[in-house]
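Mind having a look at this structure? Questions to follow.
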Amino acid sequence: MSVNFDIIRTARAILHVTDLEKSREFYVKGLGLIETESDDSAIYLRGLEEHVHHSLVLKKADTPNIEVTSYKVRSEEDLDRLAALFEQKGLKTKWLEEGSQHAVGRALRVQDISGLPVEFFAKMDTAERMLQRYDLYQGAKAQRIDHFNNMVPDVQKAYDFYINDLGFACSEYTDDEDGKLWAAWIHRKPSVHDVAFMNGKGPRVHHVAYWLSDPMALIQGCDVLAALGYADNIERGPARHGLSNAFFLYLRDPDGHRIELYNGDYLTSDPDFKPVRWDLNDKRRQTFWGAEAPDCWFNEASTVLDIETGEQITTEPGKLKQAKPVFVI
Amino acid sequence: MSVNFDIIRTARAILHVTDLEKSREFYVKGLGLIETESDDSAIYLRGLEEHVHHSLVLKKADTPNIEVTSYKVRSEEDLDRLAALFEQKGLKTKWLEEGSQHAVGRALRVQDISGLPVEFFAKMDTAERMLQRYDLYQGAKAQRIDHFNNMVPDVQKAYDFYINDLGFACSEYTDDEDGKLWAAWIHRKPSVHDVAFMNGKGPRVHHVAYWLSDPMALIQGCDVLAALGYADNIERGPARHGLSNAFFLYLRDPDGHRIELYNGDYLTSDPDFKPVRWDLNDKRRQTFWGAEAPDCWFNEASTVLDIETGEQITTEPGKLKQAKPVFVI
Amino acid sequence: MSVNFDIIRTARAILHVTDLEKSREFYVKGLGLIETESDDSAIYLRGLEEHVHHSLVLKKADTPNIEVTSYKVRSEEDLDRLAALFEQKGLKTKWLEEGSQHAVGRALRVQDISGLPVEFFAKMDTAERMLQRYDLYQGAKAQRIDHFNNMVPDVQKAYDFYINDLGFACSEYTDDEDGKLWAAWIHRKPSVHDVAFMNGKGPRVHHVAYWLSDPMALIQGCDVLAALGYADNIERGPARHGLSNAFFLYLRDPDGHRIELYNGDYLTSDPDFKPVRWDLNDKRRQTFWGAEAPDCWFNEASTVLDIETGEQITTEPGKLKQAKPVFVI
Amino acid sequence: MSVNFDIIRTARAILHVTDLEKSREFYVKGLGLIETESDDSAIYLRGLEEHVHHSLVLKKADTPNIEVTSYKVRSEEDLDRLAALFEQKGLKTKWLEEGSQHAVGRALRVQDISGLPVEFFAKMDTAERMLQRYDLYQGAKAQRIDHFNNMVPDVQKAYDFYINDLGFACSEYTDDEDGKLWAAWIHRKPSVHDVAFMNGKGPRVHHVAYWLSDPMALIQGCDVLAALGYADNIERGPARHGLSNAFFLYLRDPDGHRIELYNGDYLTSDPDFKPVRWDLNDKRRQTFWGAEAPDCWFNEASTVLDIETGEQITTEPGKLKQAKPVFVI
């Protein structure tokens, strides 16, 4: 990487939700997130190991949307250098000075190369790490935020920008039958991904993922969610991805935002790690154990907002013809 | 119970398979069963905790069928009393004297009230219990045979016979929307079941189930089966049944026989245990976490044989109209 | 078995504790038992799968003792037959008529052959089974009562009485180096045991065991207990017993009563199951993974009471010289 | 960090062992490492997810020692810059040119500030990643090398050198009752550590740790090791560390080298992560669940070699008086 800034990791997402109480039960009792703070307009949540104020903000709104997905950078100077890059590329930027957002330092918001609203910041208030407060563990015991997955019309364009301009590295990717890049999993922290891009109607955020410490937490998450009445919110899984090797569960929150519970990937620290290639139609790619994802998993995702106007961003269809894998059995 | 014999538990099944080598890999490497003995015509398998010669016989045959499902009884006298009962009911019986079957004592075979080929015996050769030979554990680590599930045209008739005449007790059952008995889970050993009957085209054996010691063995079973190339043999799950509370996986063996891996039910020893009633259309009944079973799970099952002629038994459709649950969402 | 009554299973224990509030936190938040009812003098607790009112009674008292350990029998007539047996043997008996104990029917209390206070009853009030209320699971998720373990001066005498007169069956046993019976695990329900007897100062109750659904519940139990401040209450484990194959944890409650969390034994339904013999000094017997039990585990146990006077029963040392295993390394 | 090189992670250890066959069984069948290659003089092993040739070398020798512990760096230039640093500090360095060691590129060996033999390299041959070859998983399923732990006489000196000169960051540390640094856990990859230093007789290597994907792999590891006859090689655990939150097991290999199986720490990517301080005598520090480590765990460790002469390095006692925690109960 030859970039002059250091993006450290996936840091937080801001979800617009229509009913804070309904969302609180789902995220706190179901997923096990810790509520750091809340008021009438927002709930701030963090995972069990997180030493920072939050990794998820639920904001009261009339319509479900994702306001922004955010990355932590190493220093304030990194923010200035990122702003310069986005401006040079002719992409929208907007500064949110320290104090304008609760518990977060100065933040740079941009509309990225795919039109996704993305945020960078270096500072966040700290909070007590609850990792050893096992007496407070609930539901799926979500431990930390892991990654975002976005649907975009042009995966190759997004990939090039994140790899070449932002300094991400690729761990695994998927080609369609014409050899075109259908999806890519890319990272800054040495895991399989901080963000993935999939071909499809976008820009939209497909899901936000939380990392779990072990597979049994995911099984227990299913049991607790079902006991709380959320069986219909379990969209796909539990199963294992071929791509990434993760043991996974996909949930839809009360507003339809998709959350992945995720465990079981591997260390990608080495600069000579060779990205793993998958064929889109390799059945084991999406589910190592064979089960197919439902159509809604390929078609539905959260709409996103313009960083300046707050209006919903218009979507375009995926450029590649194939919207989902085809399995000839 | 006022019967004059003592059926102890589900003991073994004899499956006709078309390729012993293919079946061996699936059952030994995939499910983790121990091969006690084999020759050109049959393989004898047992679970990791089983102190008896086998709980599964794979017999080489031209056509996949289930020859018989067997129960262990307390004593030789119990066999005579069972024979008297079946004869009195006008049902076919057949004795297989000691020595005529490998590793098993004198056996009584019958065609039960639904036409299913069923066997009873009191004696089987013993074998080394491998429970603490953890160095030999493989795949799903199948620990012991647990139960059979049969599709029959008239569940009420089968239920009445097994409860009143054979001394089984009911743990859970399913009624259709007219209040008719659609399925029943009944037991002799104090678990949820030794056998279940479901409304459907029959008599057929829907599945044979093995008990696992814990949920992680099932997850590992999925991983090993997929790595061995059996992803397409995973038909349903992993998930949790509402009915029985079991964490389950349904597999199809290389000949299409269905095997359930099963863990997580409860003790049913008490005579005052009140059977649990479920509505057929209660979505949590079949899968506590919400996912629906595929149609093949409701439609396909193993055909069975006449104890005298060895011919395949003719099937009839289920008497109740509803072939599977309907979920109005 | 040629006895004329049917003891079904281990049913409950009544512990005298000195501080109900302290005990409640340990058993409810730490072990995960459900509180069915309580008042100023007692707390009634049940496991997650139990459909009966309770399996543990904590009674406020000045001194920690175990009042009685109880077994469920099939019918009221079984109680009369048991009373006749104990009277014929010249052992103390006492009837507690229905209504004299909360939530329990008519009960027979006896001082057994070793002087232990033991109770039999056929009826208990029912309670909602919480097995699928995963949202209420806490701590170690204790699922059901499994067995008692008693220290007695003369194991052979206790063994003979329980096997020959009460109809128990032996699953595993331990001989000392002279070939004398040092300990025995015996059962009525088809698990490794409903009760065990060990050579030692007695009669005392060594521990009451609860069954867990899987090993991860035990690991989680350790974490939650430690987070609640009970690290010093963890006496031994987690580890696996060679004898019984159980994955276990031994805890001391706030009054020093020992509780075992237990998972991983096997089905012992078969009348031809051959008991497993272990040498006392076989290191793998007590801990399959090698770690030795601390001396307190061999020396300390709960004192018991006279069923008539309520006085503490006088103890005698174990008849066999060897108080604990000796490992020559 | 202001260093001009980039150490990426813990990469490999070279152990001198006296019997290759005995070691092979322990590491391959017991720990589950994959054997990449071997000959009469050495065995090369890798974890299940490792895409490189090896992370452990077992070299046939007359005496058990640890030849070197190695770190991977980003580039060849990093090696030159590291050599300059060590030379400037007056510490011994030695180059091993590409081709002189099997499967590894040019390597820099040094005697570090504590006298430990340490190696750096940028290149290693690749090997097939076995992460999804679940059919080949064995024993404890060791997934990747995680960290080294060293005993040194002067922890503060080692700490200062690794933090200030080598660019490591501290996640957790232990002070003795005088407020002196007794131990420190420091990292380059964003986990709790790549290396730890503990006060004690040294320089010696206390243990090499492998990361497991989940706690059940560790339980299964215990079972398989015990079934293979290695119960006496289990030195400590399973239990959870307070420090690092890891679920752990300490083993001694056939030559006495200590191996840790390790799972359950957390992400330490953030530059503003505040190191966690523990008192040496806080009982929960070493074992969150309360059990104390045996004396041998504090006293015994592997001796190390001079990078030039191959002679065993002379040890000195730890500078701090307290050799192990004291728990006043």
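The letters A, B, C and D name the chains in turn, as written, and every chain counts its residues from 1.
Rule of thumb we're sticking to: a contact is a pair of C-beta atoms (placed from the backbone, for glycine too) under 8 Å apart; a residue touches a chain by one contact, two chains touch by 3 or more.
Here's who's who by UniProt: A, B, C, D = 3,4-dihydroxyphenylacetate 2,3-dioxygenase.
The structure presented is a predicted model; accordingly, all values stated were derived computationally and were not measured.
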Same-residue or different-residue interface between subunit A and subunit B, half as cut-off: same
Centroid comparison with subunit D (C-alpha atoms), farthest chain: B
Centroid spacing, where centroids are CA-atom means, of subunit A and subunit C in whole angstrom: 50
Whole-Å gap separating subunit C and subunit D, where each centre is the average of the chain's CA atoms: 44
Rounded Å distance between subunit B and subunit C, as computed from the means of their C-alpha atoms: 33
Where subunit A touches two or more other chains, by residue: 132, 214-216, 223, 226, 288
For the subunit A and subunit C complex, residues of the former touching the latter: 29, 132-137, 139, 214, 216, 220, 223-224, 226-228
Complex contact set, residues of subunit A against subunit D: 8-9, 49, 51-52, 72, 74-75, 123, 126, 131-132, 143-144, 189-190, 213-216, 242, 245, 263-264, 266-267, 269-274, 288
Sites on subunit C touched by subunit D in the complex: 215-216, 219, 222-223, 225-226, 231-234, 238-240, 247, 283-284, 287-291, 329
